[in-house]
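Next, two complexes with chain A in common: one pairs it with chain B, the other with chain C.
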Partner chain A sequence: MPTVRERLGRHAPLFVLAFALIFPLIEGSLGLGMMNPLLRILTSVMLAMGLNIVVGFAGLLDLGYVAFWAIGAYCVGWMASGHFSTIKVHVMSGLPEAIPGIHLSIWLIFPIAAVLTAVFGVLLGAPTLRLRGDYLAIVTLGFGEIIPKVFQNGDDIGGHNLTNGTAGISGLDAPQLGGATGDAMLGLGWGTWGPLNLLPWYYLAIALCVLCYYVSVTMQWSKLGRAWMAIREDETAASAMGIHCVNAKLWAYGIGASLGGLAGVYHGARIGSIFPSSFQFYISIAVLCAVIIGGMGNVWGAIVGAFVVEGLNFWLLPSLTSWAAAVGLDIDFSSWNMLIFGVLLVVMMLYRPQGIFPSKSRKLVFDDEPGRPGDQHYPGGMHGPDGDGPHTPMPSPPGPGIPATPGIPAQELADVAASHRLAPERVVQQPAAPARPLPASVRFPRYGAGSNPFDRRADPDIEVAPA
Partner chain B sequence: MSAAQKQVVIDRTGQLFGCFVLLSLFIVAAKDPATFVGQTTIGITNGALLALIALGYTMVYGIIELINFAHADVFMMGSMLGMQLIVSMGVSAQSGVFAKGAIIVVGLVICMVACALINVAIEKIAYKPLRNAPPLAPLITAIGMSFILANLAQKIWGPSQVSVPDLIGNGSIAGVRIKDIVVIMVTAPLLVGLTWFVTNTRQGKAMRATAQDQGAAAIMGIDVNRTISLTFLLGGLLAGASGVLYALVNTTTVWNAGFKNGLFAFTAAVLGGIGNLRGAVIGALLIGLIQAYSAAYVGDRWTDVVIFSILVMVLVFRPTGLLGEQEITRA
Partner chain C sequence: MSDIGTAQHHAQDTELLVARELTMRFGGLTAVDAVDFTVPAQRIVSLIGPNGAGKTTFFNMLTGLYHPTEGQLTFMGQDTFGRPPHQIAQLGMSRTFQNIRLFREMTCVDNVLVGMHTKLRGGFLATMLRLPSHRHEEREGIELARELMRFVGIHERHAELAGNLPYGDQRRLEIARALASRPSVVLLDEPAAGMNPQETYALEGLMHRIRDELGCTVLLIEHEMKLVMSVSERVTVLNFGRKIAEGAPQDVRNDPAVIEAYLGSSDGAVVADGYDQPTEAAS
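After this line comes the complex of A and B, so read on.
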C-alpha cells in the first residue's frame, strides 16, 4: 500500500492545477496586481517545458531557443493581422470579410504554428546532428541570432515586405470565443478578448501549460523519451543498443520547438503586436537557466525554475522597486536584474549544481557515494520511474522465476526493501532456485509486453511478494 | 551511400561553396579595386581585434573545454577602463602627440593587467570549484559572470554609448589608415609573443600538456591549477589589449559591446578549429574580412546573418574547423 505521502505526491499535479484555477479569485480579492507579470511568467513556463525536452531529456544543449518563440509569434502576426494587406483571407475569424489581410481564428493558428515550428525545429536541428556538446551549443546559438535578424531585416526580401522590419507587426486580431454570443454565454469580455481582459488569457495560459506538461510527461516515459535519455547519458552506447539517434534527436528538436512555437503564438496574440527586438539572446539564456536551475530533465523542475527566474525578472524586482519607493528609498532594482541574476546563477551552480528538483537519474550523476543498495545494478539512471513526481514502485513480474541467493542478512533485506520503498515483509528470502526465463505471458502494463527496459530480473536479492 | 561517400559529398559541396564565394569576391574586386582594398584593410583591423579575443576563448577551451562566456565582457571591461583612463587623465584629441602616445601605451599596459586580474578572479570564483562538475555547470556560471560584469559596467558607465576621445585621428599613410597601422603594430607583437610563450617556454609547454591530458600532466608534476590560472591570465591580457584598441579605433564603446564581438570572436575560434591558436588568428582574420566585405557588398544589416551562416556551414561541413584535426567524436 502506498503511504499517505506517496498518494498525496501522486496527485500533486492536480492540487497545483486546482490552485492555479482558483488563483485569480485569491489574487483578485487580495488585490496583489500580479496578473500581468504572471502571464509573462506562464509563457516562460511553456518555453521552459519545451526546452526541457531538448536540453533536459535529450541532452542537446540549445542556446537559440528564442528562435522558435519568434517563429511562433510571427505565425500569429502573419495569420491574424492586416499585415498582408493585398489579400483577404478569413477563416473563422469573426471579423467582417471586407478587412484586408489574413485573418485566421487563433484556435486554428495554434496547431498550424505548432506544426510549422516543429518543421523549423527539424530543419535547424538537422545540420547539428553530427555535432556534440559545445559545438552544438554554438550552432544553435547561431540560429538563435540568425532568425530574429532575418525577421528584423525582413521588410525587403526580394521586394516583399515579409515582416515589416524593426517596426514589427502590430494590430493583431483579438482572439474570439464566439464573439457576441460568447459574451452572452460566458460573461462580458470572454467572447472577444481585449488585451486588458486578463482572465481569459490567464486560463488560456494555464490550458497551454497543462498541454505542455501532458506532452512532456507522456513523452518522457514513451519509447522515444527513453531513447532520448539513453542518448543523453551516452550516445555511442545508445546507438549500439539499436536506438536510431538521428530520428530521436530530430523528434526532440521538433517537439521542443513546437512547444516553443505555442508559447510564441500565445505571447504574440496577448501582446497584440510583434517586435523583432524582443527576441533576444537573453531570453534563450533565461529559459535555459530556468531549466538548469529547476533541475534538468525534470518537468516540475523546469516549471519551478521558470517561476524562480522569470518571477525574479518580471515580478519580484519591479515589486521591490515599488516597495522601496513606498518607504522612501530610490533604488531601481530592475536595473540591477542582470547582476542579481548572475549572482544567483553562480551561487546556484557552486552550491547546488543539480538544480532545485533534479530528476532522479541526474541526481545519481551528482551523488558521490556509490548509491543505495538497489541502485547499483542500474548505473546511469535508466531505472525506475524518474524522480519526477511520485515514486511508484515498478511492476515486477509475479510468481517464480527470479533467481535468489539464500543466506542474505536480514538487515540487508530491510535495506533493499527501503530502497525500493516496499514494506519489509514484502521482501522475502527465497530458496535457491534455478534461473528460468520469464514466461511470455507476463505483461508489463505500462510498457506493453516484452518491451520493459527496466526488467528487474537482474536484481538477484529480492522477490516481491504479491500485495 | 556509405559514411565515407557521404563525407566526400559533404566535402565537395563545401569546396564548391568556397569556390563560389571566392569567385564572386574576385568579380567584385575587379569592378572597384579601391573600395576592395579599403574594405580589406578595415577587415584586417577588425580581424586583428577579434583575434586577440578569439585567442582567449580558444586557449580556455583548449585547456578546460569551457566556453568562457564572461571573456567577451572582460574585453568590454578593457575598453571601458581604457576609456575611463583616457578621460580621467584629461587627454583629448587636441593633446600633443607625446601625451597621446604615452597614454595609449600606459593605458594598454594598465588595462591589460586589470583585465588579466579580472579574468583570473573569475576563474578562481566561478570555474575552479566546478572543475569536476558536469560541463553545463561552469557554462552557466560563465553566463552568470558575464551578466554580472555587463550589469556593473552598465551601472558605472551608463546604459548608452560612451564616446572615447579620438586620439589616433583619421589620417592615413600611403592609403592605409593610421588606426589600422596602430592596431597591427600592437597586435602583431602580442600574437608573436604569445606564440613564442606557448611553444618555447616551460610554462607554455605545461599549458600544452595540460590541454592534452590534465591527469597525465598532473602526474608529470605540472601544477594544473596554476597552469589553468595562467591561461586565464594570458587570455585576459589579450582581451584587455583588444578592448583598449577597440575603444580607440571606434571612438565609442558601450556596456554590451562584448556581446556581439564576443560571439564573432568565438565564431572565429570555432572557424579556425577551437583549441588551435593559429586557427583562432586565421579564423579571426577571415571573420574580420567577411564582416568588412559583407558590410560593403551585402549590406551592413545582414552582416550578423552572413557570419552566423558561415559558422553554421563550417560546423556542418567541417565540424573541427579549418585547422582542427579530423576527429568527429569530440565530446
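After this line comes the complex of A and C, so read on.
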C-alpha cells in the first residue's frame, strides 16, 4: 500500500493544476496585479520545459534555444497579420475577407508552428550531431545569434520583405474563440483577448504548460526518453545497445524546438507585435539557468526554475523598484538582475549543484517487493553449475565469515578460504535455494520466443548443445 | 550438464559470426593482425592473451565501435564490416565493457530497459497518446527487466541508481543489460575483473545458464585463467594482435607458444600462478 505521502506525491501535479486554475480568482480579489508578469513567466516555463528535453534529458548543451522561440513568434507574425499585404488568405480567422494578408486562426498556427519549429530544430541540430560538450555549445550559440539576425535583416531577401527588418511585424490578429458569441461563454470575455482581458491568455498559457508537461513526462519514460538519457550518460554504450544516436538526438532537438515554438506563438500573439531585438542571447541563458537551477532532467525542476529565474526578472525586481519608489527611494532593482542572477548561480553551484529538484529517477512500486513472501526463491540469483553433486547444508558458524553462494563444492570452498587467507570453516556454505530459471514464457513485447531464428529452444529440429 | 573443457567445436555448428583476416591498425601500431575467428551458436568461447594483445580492440571491431582496417566480417549471415554499432546490435550482438559503462544516473531497471531498446517498438504516436499498446509494452518491458535482474541476481536493487551499486553488482547489471536485447551472441569483456572468488564462481554458473537457458553464445575475454579453462568450450589466444593458438582449453594451456606468450619463456605453464590443479568441479 502506498503511504499517504506517496499518494499525495503522485497527485501533486493535479493539486498544482487546481491551484493554477483558481489562481486568477485569488489574484483578482487580492488585487496583486501579477497577471502581466505571470504570463511572461509562464512563457518561460514552457521554454524551460522544452529546453529541458534537449539539455536535461539528452544532455545536449544548447545555448541558442531562443532561436526556436523567435521562429515560433515569427510564425504567428506571418500567419496572423497583414504583413504579406499582397495576398489575402483567410482560414477561420473570423475577420472580414477583404483584409489583406495571411490570417489563420491561432488554433491552426499552433500545430503548424510546432511542426515548423521541429523541422528547424532538426535542421539546426543536424550539423551539431558529431560535436560534444563545449563545441556543441559554441555552435548552438552561433545559431542562436544567427536566427534573430536573419529576422533583423530579412526585409530584403531577393527583393522580398520577409520579416520587415528591425521594425518587426505588428498588428497581429487577436485570437478568437467562438467569435463574439464567446463573450457570452462563462462571462470571461473570450471574444476579446487583449491587454485588458488577460484571463483567456492566462488559461491558454496554463493549457500550453500542461501540454509541455505532458509531452515531457510522457517522453521521459518511453523508449525514446530512455535513449536520450542513455546518450547523455554514455554515448558509446548507448550505441552498443542498439540506439541510433543520430536519430535520437534529432528527435530531442525536434521535440524540444517545437515546445519552444509553441511558446513563441503564444508570446507573439499575446504581445501583438514582434521585434527581432526581443530575441536576445540573454533569453537563452535565462532559460538555461532555469533548467540548471531547477535541476537538469527534472520536469518539475524546469518549471520551478523558470518561476525562480523569471519571477525574479519580471516580478520581484520590478516590484521591489516600485515599492522602493513608494517609500521615496530611487533604486532600479531591475538593473541588478544580472548581479543577483550571478550570485544565485554561484550559490546554487556551491551548495546544491544538482539543482532544486535533482533529476530523480522514476520510483517503480511493485506488489512483490523483495523481502516479501513469494520472492524468496532468489537469494543469490546466480548459482553454481547444476549437478555438482549433493552437498549438505552446513550450519553457519557464528562470527564474520564469507557467505558463499549456494551449490559450491567443498573443494571450491576451500579454495575460496585459501584465497582470502581464512580458515576453511570461516567460509559459510549457505543452504541451497531452489533454482528458478528465467521462465521460457518470458517474451519480448513484440518478438515471441519463436521469432529469433537462432533461438534453439524454438526449433526442436536443431540439435541443442549437450545438456 | 555439458562436459566442460572437452566439448569440441562441432563442424556442423551454425557459425553465427565469421571474421576473416580482421585487422585493426592505429597509425603504426597493428593492434589486431589478420585474425580469423568464428563464433559457433550456443557455445562458450573465450579470447585470451596478455595485456595489450588486442582482445578489446577485437571486440570493438565485432560490435562496430571501431571500423576495422581490413578483413571481412559476417554476422547472422550479413556483412557487418564497418557497420555502425546500433545496426550490429540490432542483428543480435550485445556486449559488456572492460571498464564498466553503465548509465550511472539511471536506475537499474532503466538500464536494462535501455538494453531492450532494439526489441521495443516505442512508436512516436503510440507513446505520445499513451495508447494501450504502449502501456502494455512498457509494463512487459519492466517485468522482463526484473526477470533479467533476477537472472543475474541483483533483483532487489531495481530502484537504485546503477552508479551506486557495488562493483560486482555493476558487472552483473551490465550482463543483464546486455541480455535484455535477447542477443544471439553476448560479448563479455573481463566480467570477472574485480569480482571476489564467490562472485567469479557464480559467474561461471551464470554463463552456463546464459548458454543453456537463453540459448545465447557467450564470447568471453578473461584474465582469470581458472574461469576460462573451466567454462570455455574453445579458447583462442591472441598475442601482439596475432592469433597464436586455438582449441580446447587443455590443448591451449599446454601449447608452448601460449606458455611462452604468457611467461616469456617456455619453462613455465599458463597455470603456474596457483592454478596448477586442473579443475574437477564439473563431472
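The rule is simple: the second predicted complex is superposed on the first by the 358 of 467 C-alpha atoms of A that agree within 3 Å, B and C clash if a C-alpha of one lies under 4 Å from a C-alpha of the other, contacts with A are read in each partner's own complex, and residues count from 1 in each chain.
We adopt the following convention: contacts are C-beta pairs under 8 Å (C-beta built on N, C-alpha and C of every residue); 3 or more make two chains touch, one makes a residue touch a chain.
No experiment lies behind these values; they were computed from the predicted model shown.
In the superposition on chain A, contact of A:E310 is made with neither chain B nor chain C. With both structures placed on the common chain, the touch criterion links A:D62 to neither chain B nor chain C.
Once chain A of one complex is fitted onto chain A of the other, the partner contacts of A:K223 are limited to chain C, with no touch recorded for chain B. Counting residues of chain A touched by each partner, chain B versus chain C, the larger count belongs to C.
Of the two partner chains placed by the overlay, neither chain B nor chain C lies in contact with A:D173. Of the two partner chains placed by superposition, only chain B is touched by A:V139; chain C is not. Residue contacts after overlaying the shared chain place A:F341 against chain B, while chain C stays out of touching range.
Chain A residues in contact with chain B (one complex) as well as with chain C (other complex) are 236, 366.
Contacts from chain B toward chain A in the complex involve residues 61, 65, 67, 125-126, 129-130, 133-141, 143-148, 150-152, 154-155, 259, 263, 266-267, 270, 274, 301-302, 304-305, 308-309, 311-312, 315-316, 319, 328-331.
Looking at the complex, you find that chain A touches chain C at residues 215, 218-219, 221-224, 226-227, 229-230, 232-234, 236-245, 359, 361-364, 366, 370-371, 375, 378, 380-389, 402-405, 407-409, 411-412, 415-416, 419-420, 437-439, 442-447, 452, 454-457, 462-467. The touching residues of chain C, when paired with chain A in their complex, are 1-4, 7, 12, 14, 16, 41-43, 63-65, 76, 84-86, 89-90, 92, 94-95, 97, 101-107, 109-110, 113-122, 124, 127-128, 130, 134, 136-138, 140-144, 146-156, 158-159, 161, 172, 177, 181-182, 184, 196-199, 201-206, 208-209, 211-215, 280-283. Residue ranges of chain A in contact with chain B, taken from their complex: 61, 127-128, 130-135, 137-139, 141-143, 145-146, 149-150, 152-153, 236, 281, 285, 288-289, 292, 296, 335-339, 341-346, 348-350, 353, 365-366.
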